[in-house]
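Per-chain numbering from 1; labels A, B, C and D assigned in written order.
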Amino acid sequence: MTSCGKAKYQLQGEIKKISCQDDICMMVIDVPEICRGAKAGQFVMVKAAEEKNNDPLLRRPFSIHRVSEGLLTIIFKVVGRGTKNLANMKVSRLVDVVGPLGNGFQIFKEQRHYLVGGGMGIAPMHYLAESIIKQNPRSEVVALLGARTAKELEVFGHINALPYLLVKISTDDGTAGHHGLVIDLLTQSVAERGAGTVYCCGPWPMMKAIAMYCHDNKMSCQVSLETIMACGIGACLGCAVSGSAVTGDGYLHVCQDGPVFEAGKIWV
Amino acid sequence: MGVSRPDLTVTIGDWLLANPIMTASGTFGYGAEFADFVDLNRLGAIVVKGISHKPRIGNPPPRIVETACGMLNAIGLENPGIEKFLTDKLPQLKKYTCGIVVNILGDSLEEYGMLAERLNVAEIAAIEVNISCPNVKKGGVAFGTDAKMIYDVTKCVREKSNKPVIIKLSPNVTDITAMALAAEEGGASAVSLINTILGMAIDIRTRRPKLANKVGGLSGPAVKPIALRMVWQVAQRVKVPVIGIGGINTVEDVVEFLLAGATAIQIGTANLTNPHVAEELVVGLEKYLLENEIASVKSVINGLLT
Amino acid sequence: MGVSRPDLTVTIGDWLLANPIMTASGTFGYGAEFADFVDLNRLGAIVVKGISHKPRIGNPPPRIVETACGMLNAIGLENPGIEKFLTDKLPQLKKYTCGIVVNILGDSLEEYGMLAERLNVAEIAAIEVNISCPNVKKGGVAFGTDAKMIYDVTKCVREKSNKPVIIKLSPNVTDITAMALAAEEGGASAVSLINTILGMAIDIRTRRPKLANKVGGLSGPAVKPIALRMVWQVAQRVKVPVIGIGGINTVEDVVEFLLAGATAIQIGTANLTNPHVAEELVVGLEKYLLENEIASVKSVINGLLT
Amino acid sequence: MTSCGKAKYQLQGEIKKISCQDDICMMVIDVPEICRGAKAGQFVMVKAAEEKNNDPLLRRPFSIHRVSEGLLTIIFKVVGRGTKNLANMKVSRLVDVVGPLGNGFQIFKEQRHYLVGGGMGIAPMHYLAESIIKQNPRSEVVALLGARTAKELEVFGHINALPYLLVKISTDDGTAGHHGLVIDLLTQSVAERGAGTVYCCGPWPMMKAIAMYCHDNKMSCQVSLETIMACGIGACLGCAVSGSAVTGDGYLHVCQDGPVFEAGKIWV
């Protein structure tokens, strides 16, 4: 397809790199047009079946972990058939990718930014950190990353390498960093450094807890939601979630209205 | 003898379509969602998401589940209602040259009639009447599985509308041909089939249905053999044009439906899994006709040898 | 609290099955074909290929076509006839301890009754009545889609047979529960569903149907959501046990059908694509119960939360 | 599965070698139990989908090209989705194989044997030649191999290397050997060397022509048929073919009664 003036693309991208540790994989795909307009917090939909095969039928949504020189990086955990197929794909074959999709994080001109990621919810935080630092060179950017265990964090090791980024980690089992929940890191950091704007992605209960904390402490908070998706482009209305009172009695659609929402739209 | 450029046009009543490729209701939004993936002007027609009188918020999530070569949906006919559609959505579509078909649904004869009347506006090429969506407790199913009610709805819409009226049939019946004949008798300009097949999936961990609505409509490649059989059965019985729908993904699929007797086809789930498929199939169908030196797509329609 | 060895037994009428895993008629031959792949003694029951009064040579080829996550078949009920079955096939099955179910089909009430009577022999655990095979022009479909005829066939077979009588329902109907209720009223010991769904495929090169019979029965993973929905609907309406059939491939599939209300299940197409699947699923189901500390499979049956 | 006293097996075999030239591939699979009892002319059914994927649903039947030291070799042409998936499979992954299936060629104690293969029908001839030579050390074994063009024969090059085997080839386009049909090779050979028993596998019209020739010349002839198959083990009755008058009014089942038939059973 020609690339003039489009926001979204469907491309056959070549796999440039794929590596898996246990059940967590990193895949680098050559899709320049998608990378060009990509914003932090947006996602892509990747076909997870062999060409011409109809099973699994639906594309799989993945956050944009990183974009550089036309290369898109996604990081995913093998949980079912689709991710298993993707994990088995070899370098140099083509994958069908649609993106960039949804609305990314809104980056505020703020003094202090807290990037809170849990589990695979850490995936979007790399590109987000880069973007915030680029737009607010003099601001303080703190990444608070939580996982069940140290192993789950290995794939995100390179986030530590980002300049101007302060990284703190927590694990449920204490195998790395703070022994406990990522929200502890946030309360602690806010106590030490003061309030800031929060960008959050992770399991539902974690995001809700963070959202509540921010609400109580009058901090702005954006959350990135996950729902099952068929199209990812606002056509099927399959990705509905019910919002908070402020959003009225209708449903929000994660692929179109989100995946990033102002926390108040979802809770309280 | 080679052919220069094959004739892709087909007609439904007095409505001339540039080609037989349409998009199916509920899988193509209101068109604009696909502007980045498809040159909408290449399509025969766009069928927009089903519209009711009042706005509907639809079913609670989860609304979709993936199944083997298919998917279940229980969207619950979420839509902004007819007035908002006319003011907000339709204007966006004006700039496109392809035919615009509005899919309507109601809980009563009156609602169907009122919707038909309200849609007697210039931009609209035809209306498609959804009497078959299995997701709504009232209306939907009852209308679609009872020949008498199909006749009544068709007659009522036919009287109120000055457009070609397409009646969209439900596959959840014993004898699809009886339903098609009822629609024809009621004055339908065409029948389209199939809508989704009622199905279910269960999460064995929670022991609950995977859909909040418990059951949903099955679509995608899985249903194609059933849809093709029904289109073939119906095409042999009715005189009005038949529009084939169900699991269409490839040019081969399109040709199969045309051979079975479909005058046009609609692409549904494939739009969701392969957003540029609609344009792909228009181009592919033209290529198929060229390579096989077929001057007009009309000579493929009903071409099945038995 | 861990459980030692879960109880897999289920009962259909007064027939006790070692476990709820059966093989579906027409997909497991007469059992012997699978002796190299499956320990037949591990199965709850084997349902043999459908038997008629006189031998049938079946339909001309091609008889099968692959479709998306499924297949169409138009075997045409090829079988050696009841007498040859009793003399040649049944003796081979005697040596196995699993229940033997004989699937019967007829063109008339008389034929059904006569077959039922002829099968009142010790080796046979139950008979399954195929009123739903869509491939035969006479009998088959008509019986399976008319509640009155289902009642009559069931009553007739019930009177002639001293075995549990399982009525196998066709999914090609508007309201499957009406058919199930008719069978129950007629005296069925259980109902099994679904048989195949009528479908079609076309070869665009020859422009002919891919099956010599033109249409055939769709089976395999593609139909599972439809089958599961029908089993759930029927299980809520009838008191007799329901046997779930349709696209079952994995232990998850088995558990889904049990939760939906099936007392037992049958594996069909999966036997053809994965010959040792039947034993795999018996072992897998036991493992599932152990891992989830469920003492008896009976507590899974009808366990759906809605 | 245990291997005691079984005729057929379903095994997960490791791919030891796979190589494709254009659309023709050779795959070597490690399935000792299947190899042990395999007879020339038998076939295997191979799963052509990713593990846990249901599409394509049915296994694909392939002739046993060769067995040695527990390794099974099949040679196949990419014609559709299943063979395409198989062609994409990489060394060291497992494939699900069922076999050995059907009845092989019946090897007669004869003085002269003609092995007639056309196109992919050449596949079973390698193992057949080996078997005949083993059982009839002193007999004359002639392989007559036909194809559309020379390229199609390359994958079978190693057949020439078989000791005690005389190989003659024909191509429709004359790019190798005799310019014409393989039946010409047979008539010619019979004229030169005399009658023999014929084993034939290839396209339907070719087999029919060979069968007729053998009938007229009172030579015994076996043909190996192809039909669509679902199970390959006699359970589904899907592989029916109508036989000649001698077989009565019923149908033959290729996977069970065949795939090899005495030609008279199919054509008088």
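As a working rule, a residue touches a chain if its C-beta (ideal position, glycine included) is under 8 Å from a C-beta of that chain, and two chains touch if they have at least 3 such contacts.
No experiment lies behind these values; they were computed from the predicted model shown.
Engineer: Touching both subunit B and subunit D: give me those chains, sorted by label.
Structural biologist: A, C
Engineer: When the contacting C-beta pairs are counted for A-C and for A-B, which pair yields the higher total?
Structural biologist: By number of C-beta pairs in contact, A-B is the larger.
Engineer: Measuring centre to centre with CA averages, how many angstrom lie between subunit A and subunit C?
Structural biologist: Their C-alpha centroids are separated by 47 Å.
Engineer: Could you please state the distance in Å, as a whole number, between where the Cα atoms of subunit C are centred and where those of subunit D are centred?
Structural biologist: Here the centre of subunit D sits 36 Å away from the centre of subunit C.
Engineer: Counting only Cα atoms for the centres, state how far subunit A is from subunit D in Å.
Structural biologist: Distance between chain centres: 53 Å.
Engineer: Could you say which residues in subunit A touch two or more other chains, in rising order?
Structural biologist: Residues 54-56 of subunit A touch two or more partner chains.
Engineer: By the touch rule stated above, which residues of subunit C touch at least two different other chains?
Structural biologist: Residues 67-70, 220-222.
Engineer: Treating touching as the only link between chains, describe the layout with one word: line, ring, star, complete or other.
Structural biologist: Looks like everything touches everything, fully connected.
Engineer: Going by the contact rule at the top, pick out the subunit D residues touching subunit B in the complex.
Structural biologist: Going through subunit D, the ones touching subunit B are 54-55.
Engineer: Mind listing the subunit C positions that touch subunit A in their complex?
Structural biologist: 68-69
Engineer: With touch defined as at the start, can you tell me which subunit D residues reach subunit A in the complex?
Structural biologist: Of all residues in subunit D, those touching subunit A are 49-50, 52-56, 81, 84-85, 88, 90.
Engineer: Using the touch definition from the top, list the residues of subunit B that touch subunit A in their complex.
Structural biologist: By the definition above, subunit B touches subunit A via 26-29, 33-34, 36-37, 49, 57-71, 73, 75, 78, 220-222, 249, 269, 271-276.
Engineer: Give every residue of subunit B touching subunit C within the complex, in rising order.
Structural biologist: 67-70, 72, 145, 172-174, 197-202, 204, 206-209, 214-215, 218, 220-226, 228-229, 232, 247, 252, 255-256, 259-260, 303-306
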